[in-house]
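Questions regarding the structure given below will be posed in turn.
Every chain is named by a letter (A, B, C and D) in the order it is written, and numbering of its residues begins at 1.
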Amino acid sequence: MTTLLQIQNLSKSFLSNRVLRSINFDVRKGEVHALIGENGAGKSTLVNIIAGIHKRDEGTMVFNGTDISFNHPLEAMKAGISLMHQELSLVPNATVAENIYLRREKRNRLGFNDWAEMNREAAAIFERIGIDIDPKALVGTLSVGMQQIVELAKAISLDAKLIIMDEPTSSLSEKETVEFFKVMRDLKARGISLIFISHKLSELFEISDRITVLRDGQHISTDDISTVTADDIIRKMVGRHLGDLYPVRSSNIGDVVFSCRGLTRFGAVRPTSFDVRRGEIVGIAGLVGAGRTEAMRALINADKRTSGQFWIEGNEITIGDPGEALSYGIVYLSEDRKSSGLFLSFNITDNVGAATLDRYTGSTGMFKQSALRDKAKDFIGRMDIRPPNEAARVVTLSGGNQQKVLLAKALDANPKLLIVDEPTRGVDVGAKSLIHARIRELAETGIGVIVISSEMPEVIGMADRILVFRNGGISAELDNHQGNVTQEIVMTHAVIH
Amino acid sequence: MSKAQRNVTKNTTVIQYIGLAFVTFAVLFGVQLGFGNMLTPANLEVMAMNMVFEGILALGMTFVILMGGIDLSVASVFAFAEILGAKLMIEAGLPIIPSILITLIACALIGALNGGLIVLFRVHPLIITMGMLLTLRGVNLAITDGKAISGFTESYLFLGQGKILGLSVPILFFLIAALVLGVLLAHHRFFRQLYFIGGGERAAALSGVNVNRVKIIIYTLSATLAGCAGIMAAARYGAAHWGHGNLAELKAIAAVAIGGANINGGSGTIGGTVLGVIFLAVIHNAFVTSAVNPFWYDVVNGLMLLVAVLLSRFITLRNVRAVLTLKQSKIENIEATQRT
Amino acid sequence: MATQASFTAREKGSIWRYLAAFSSREFLLVLINLIIFAALAFARPDVFPTWTNIKAVLSLMSYDLLIAIAMTIVLIGRGLDLSVGSVLALSSVVMAMLMRDQQPIVLALVLGLLTALACGLINGLLIARAGILPFLVTLGMMSLARGVATVLTTGQYISFPRADRWFSDFGRFEFRFQYGDTFYGLPLPLLITLAVITIFALLLTYWTPLRKIFYVGESPEAAHLSGINVVRLTITTYLLSAFFVWMAAVLMTSANRIGYANYGIGAELRALAAAVVGGASMAGGVGSIFGTFLGVLMLALIGNGFVLLNGNPNWQQATVGIVLIVAVGFDALRNIRGRR
Amino acid sequence: MNSLKRMLTITTISLVVATVIGSVPVKAQDAEEHYGMVVFLRGSEFFNWAYAGFQDAAKTVKATTELQGPADWDASAEARAVDQLGAKGVKGIAVTAGDADTLVTSIDSSIKAGVPILTFDSDSPKSKRLLFVGTNNYNAGFTAGKAVGEKLGDKARVGVSLIPGLDSITHRLEGFKAGLASVAPNAKIVTTVNDEGDLQKAESVNTAMLQANPDINVIFCAHGNPATGAYSATRNVGRDQGENKVNVLAWSIDAPILQGVEYGDYFGTVAQNPYMMGVQAFWQLWSAAHKTQFDSMTNPGFGHVPAADIDTGVKILIKGDPTIQALLTPPKF
C-alpha cells in the first residue's frame, strides 16, 4: 500500500500555547484512517493544516510524492485534498449541482454555465456511489444525511485523492449512517483515502483500517484497527497528565441547595434530573454536541424549555427567564465569553454591574455610580484583574482577565448556584489555576457550583461529583469525592457505542 | 424526509409567486368589472409606463438585496442621469451617443463609490447609500438651480416616447433587461455567487468568493441601471428635473420585498421582483381607475410591505421548526440503541 | 466607544480621566461647532452673533433636535426608526382635528400622544416580538402613518381658529427681558425642549431602567443572560421615540397654528445624520444626548451659514449627505484603529 | 398538507387587500361625463379650492370629477397621472404644471388622442393645451406692486421671499417691479431669498434677510407657503409691531393667512381666485368636449374655447374685507 500523505514532526502554536507538538502522521492510498482524541487534543488543528486553512509552524508534509505548503483552502482543493466541515457550508437556495461546482462551473462557448453538462456529471457521481439524489433539487430540501453525501460528491467532483471528514455522522440517523458508510467503502475501493474523525467508537471499528490517537497535541499511537479494542483506544485517549495542581477537594458538603427534575427541551435535551449540594462542585463532562450547554440554557430558560421543575433551598421555584433565575441566585456564565458573556466595548465597572444594576439603584431609581465603582475596584483587587487602566474597555483585556471579570460579575449577584460554562477556554496556563482556585473558594463559601468543561482533566480535577452527558442527557453520575474517577470511566460513558 | 415534505420546501417560493400573481389578477379583473376600461390596450400601456422606471431600479435593487445590502441612492442617481444627459446634449451640444455613454459611466462611478465606501468603512450599506442619496439630491438641485432643462432633439425623444414592435422603448428595455438579468442570475457563475454571499459572507469567502469585488460590481450595476432609467425618463418627459423619481427607491425596495426576496439576503429572484413591480403597477392604476381617494395608496403600500415581510418571517420560523423535529427523532433513536 | 468610557470615567482624582474626556467624540464636536461659530461670526459680525439670529437658529432646530433624540434612543438599543417624520405628521393632524372640533386642548394633546405611542408600540412589537428587521418595519410604518395622515385630512392644512388661544400662542410665547439697551426674548418652546432633553440625558445616564438600554444595544444576548428583559426594553425605546416625536408635533402644531399631513418629510434622514455625527452608531450600545445635540447644532449652524453668506441654498441639502458620510467614515476608521 | 395551508393564508391576505380597495366608498362613476383634475402638492388648500370649483361646476350638469397627482413636487408623477386619466377615457383634463416642460409630452399626446386638456394656475406654454386658465402672474404681480407702492410710497424697501426657478413666480416678480415703479418710482427691491416652499425654512431665511438688510420695511411673499414664516421672522427681529413694523404682503388664501390679515399680522394678501379657476376650467373643458356645428378654428376636432388665456385676476384682501370670512370655511367635497 503506497503512502499518499506523509507528515513528519509537525508543530503549531496559537499565540503562546502549543497546540501540536512534533506530530508524525501518514495516510495510505485507498485507506480509511480514523483520527480520535479528546476535545482540544489537536485533531481539528491538524486537519485544518492539511486542508490549507492554517499554516504549520514547523515540520514537513509530503503529499503524493511532492512537498506541499498551502496558504488557501483553494490550493489544497486543487492538489486533491478536500475538507468536509462539521457544519455544512452548503447554500440551501442553490441546487445540488450548483453547490458542487461553485467557482468551478463548466462553461459552454458563450461563457454561460453549462448546467446540462454539470447536472449529467453530478448524476453520474451519485449513480457511481449508488445514491439517488436529483442534481436539480434545491439543497435546502434535502435531509441532513443527503446533504452530507452532496458534500462528499463535491469532494469527488474535485477528483480528490484525500477527503477529510470531521464528525460527518454526528447528525445522521442510523439508516443514513449505513448509506454513508456504503459510499465510503465505494470511495476506498476506488483508491481514494479518507481521514475520518468521530467519537462514535462503534463506527470507527466498523469502517476504518487504521486508527491514530492524539492527546494534548501529541501523537500517541497509530495501530491497525484489528489489533486494538475499544478499551485500548479509550485508555490511550485519556491518561492526560493531570498537570496543574487542582485545589484540594471540599471537605464539608452541605445539604441539597438546588435540584432539578424532568428538564427537557424539544430537539436538544432528554429528560434530565440532578441535585447540587451546598459547597459541592458538580462537574459536567461530555463530548461536543452532548447537550451540556443546551441543558443549562434550558434550565434558566434562555432557550425556551419544554418541561422542568426546580427547587432552590428546598422550596419549588418557577424560572421564566434568566432574570428570574438571577433573582433566585442562579447565575449562568456562558460558554462563549465574547458574544454572550461580556459587554466588550464597556469598561470593567459596567461589566461587573451588568447583572445587578437594580441593586445599585436608589429608592427613586437613581443609579448609584460610585457604589458600583467601589465594588468593581474591590473585585479588581480580590481577583487581581490587571487592566491597562481603570477605564480600559474589556475587549483589550487578556482571556484570563476577561474570565475573572465574568466571575466578579457572577459574585456580585451573590449566587446560591453558580453555573460556569468552559471556565478556562482560551485562558493561558498561568491564569487557569488561579481561576480554578477562585471557583473552589466560591464553593467553600457554601454555594453550589456546576462546572461544564470539555477538558477531561479539569472536570475530574475540580469536581466532587461528575455528571457525564451523552446524546442530550445524563448517561452516568460518578462520585468523585476521593478524586478516584478515571478519565477512562468518564470517556466510556461519554462515547456513543 | 418524506417526498411530500421535500416538494413543499422546494415549492414555497413557487407558491408565493402564484399567490402574488393571483392577487394581481384579482385586482385587475375586480376593477375591470367594477369600473371598466382597465384592460384597454391604452390603459395597460399607461399602467406599464407608470412603473417602468421604478421597475428598472428594482432589477438592480434585487441583486443588491440578494447580497444582503441595500441601495437608497438609486432615486437621485436616476435624476442625476436625467440632468447630466440633458446638460451634455443641450447645453454642451454633444451628440446623443457620447452623452449617453458619459452619463452611464458617471453613474457607474457613483455606484462604484457606493460599493467602495461600504467595503472600506465596513458600515451598514443603508447609511452610505442614504448619505449618497442626500448628497446627490442636493447636487442635482444645485447644478440645475431648481429649474428643468428641456429642448432635446427629436431622435433622443424617441428613446422615451418611441415604440418598437408596439411597445414603448422603456417597457421593451425593462423586459429585455429583466430577461437578460434573470438568465444571468439563474445561470451565470458570477451572479450565482450572490446567493452564497447573501447566505453567509464568511462561508462564501472561505470557498474562494472575492466578496469585496462582487459588492463593488453589484453596486456599480445598480447605479448604471438607474442611469439607463434616467436617460429614458428624460426622453419620455422631454425634460430633466431634480424632482423626478422622488421616493422611487422606496417603491423599488417594496417591489423586491413583495416579490418574495428575503431582505436579509440569500433568497429572491428577478422573476419575483418583476411580479412585485407588476403588482404595484396594477394597484396604483386600480386607484386611478376606481377614482378611489388616492391618499389610500400610501396606506396600502405600507400595509403590503409589512404583510410581505411577515410572510417571509413566517416561512423561516416554519423551517426552524422542521429542523428541531428532525433532531428530536435522532436523539430518541440513538438513545434506544445505547446499551449502558 | 469613547462616549461610554468618558462618562463612566468621570471618577475623581485620576489623570487619565481627562485624557479619556479629551479624546471623546463630544469634545471634538464642541470644537467643530466653535470653529463654525467663529467663522460665521467673523464673516458676518453684524448679523450672526446677534441674539436674535442665535435664538432663531436654536428655536428652529428644536423640532429636528427632538426627532434626533428620538432616533438616538432607538439607535442606542441597536434599532432604527424611519417612521419618526410620518408619525410626527399623524400626531399633529390628530391633535389639530380634535382642536378644530373644539375638543378640550388637553384631551387633544393626550390623544395625539396616544396615536404616536400606538405607532411606536406597533414598531416595537413587530421588531422585538416578531423579530423583523427594524429598517423594514419602520419603512412600512413610515408609508402607513403618512398615508393615514393624508387620508384623514385629504392633505389639507387643519387650522383650529376657534380653539383656546393659549395653545396657539404658547408656541410663539417669549419671555421678554431687557438687558442693557437691547431686548432679549427667550422662546418658551426652546426652553421646554432644552429642559426636557437635559432631564432625559440625566435619566439616560443615571436612571437604571434607561441605563439598561445601553446594555441591550451593546450585546442583546449578553443582556438577556444578565437578566435584562431585552424584548420589553426594545419596545420601550420605540415608545420613548414616539414620545419625543409627539413633543415635536405639539411644538410644531402650536407654532404654525396648523396640523399638516406633510410635516416632517425627510426629517428621519436629518435625524439619523445628526445622531450618527453625534456618536450614535447602528451597531448599538453607544450614543449620547449631548453628542446628538452637538450634531443637530452643527447641521443648523451650517444651514444658517448658508443663508447668511448667501450661499446657493441648494448646496445646503448636499451638505447633510456629505456630513453623514464623513462622520460615518471617521467613526469607522476610529473603530478599525481601536479594534486592531 | 401544510402546502395547502400556505396557499390558504396567502389567498385570504390577498382577498382582504382586494376588498379594502373595492369597498372603499367610491363615487358612482358615470362613464360618459367624467372629468379629471391633476395637481402637484396634492392636498394644499389652494388646489383644494380649485378642485371644489371644478366639482361644483360639474355637479350643475351632473358630470363627475376626480383629483389625481403626487403629494410632492415630482412633475413626472403628474405627467403619468395625465396619461392614466387619458387612457381611462375621461372627457377632459385640467392640469396645473408643477414643471412646465415635464408636462409638454403628456399634454400633447392627450390632445392627439382627442381628449380636451387645459392648464390652470401654472401654465405649460410650450404644450398644445387648449388654453391657460388662471391668474396672469404678471398682472397679479403688478397689482401687488401697485398696492405696496400706494401704502408705503417711495420709502418702500422690499424683501421678496420666493422659490427660484419657477416660471409663475418669476413672472409675478417682474409684474411686481413694474407695478411698484408705476406708483413709487424710487421705491427699491432690496433682495430676494429662497424659502424652498417650507414654513420653517421661510422663517430662518427671512429672519436672516431682515438682519442682513435692516432697511427693509416690507416683505412680499411671491407664493402661498412662506407668509407665516415671514411674519415670524418679523417677530424674531422685534419688528412685528410699533412704528418700524415690517409689513408683510402675503399670497394666497390659506386659513392661517386669512386669520393673520384679520389679526393685523399681515397688511394684506394677494388673493387669487382658485375656486373660479376650477369653475372656468370645467366649463372650457365642457365646451371643448361638446362640439357644436362648427369645430374650433384654433383646435380642430374640439368645441370652441377662447383663443386667449382666461385671467381669473387677483384681489388684495385687507383687514375687514367680507370675503375673508367667506373664505375662512374650507370647501367641502
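Definition applied: a residue touches a chain if its C-beta (ideal position, glycine included) is under 8 Å from a C-beta of that chain, and two chains touch if they have at least 3 such contacts.
Because the structure is a prediction, the values reported are computed rather than measured.
Following the contact convention of this document, B is the list of chains adjacent to both subunit C and subunit D.
Contact counts per chain pair peak at B-D.
Centroid analysis (C-alpha atoms only) places A farthest from subunit D.
Chain geometry summary: the mean Cα position of subunit A and that of subunit C are 46 Å apart.
For the pair subunit B and subunit D, the distance between mean C-alpha positions equals 35 Å. Remark: subunit A and subunit D have CA centroids separated by 71 Å (rounded to whole angstrom).
Centres computed as Cα averages put subunit B at a distance of 31 Å from subunit C.
Chain contacts: subunit B has residues 7, 145-146, 293, 295-296, 300, 303 touching two or more partner chains. Across the assembly, subunit C contributes 150, 154-155 as residues in contact with two or more other chains.
Residues of subunit D in contact with two or more other chains: 42-43, 71-72. A complete list of chain pairs in contact reads A-B, A-C, B-C, B-D, C-D. Contact residues of subunit C toward subunit B in the complex are 80, 126, 130-133, 135-137, 139-148, 150-151, 154-155, 269, 272-273, 276, 282, 312, 314-322, 324-325, 328-329, 331-333, 336.
The part of subunit B that touches subunit D in the complex is made up of residues 4, 7-8, 11-12, 15-16, 18-20, 22-23, 26-27, 30-31, 34-37, 40, 42-43, 45-47, 49-50, 144-150, 157, 160-161, 233, 236-239, 241, 243-247, 283, 285-296, 300, 303-304, 307, 311, 314, 318.
Those residues of subunit B lying in contact with subunit A across their complex are 1, 6-7, 9-10, 183, 187-189, 192-193, 195-196, 199-200, 203, 206-209, 266-267, 319, 323-331, 333-335, 337-340. Across the complex, subunit B is touched by residues 53, 72-74, 89, 91-94, 98, 102-103, 105, 107, 111-113, 115, 137-138, 140-144, 171-174, 266-268, 270, 470-473, 475-476, 492-493, 496-497 of subunit A.
Looking at the complex, you find that subunit B touches subunit C at residues 70, 117, 120-124, 126-128, 130-139, 141-142, 145-146, 250, 253, 257, 263-264, 293, 295-303, 305-306, 309-310, 313.
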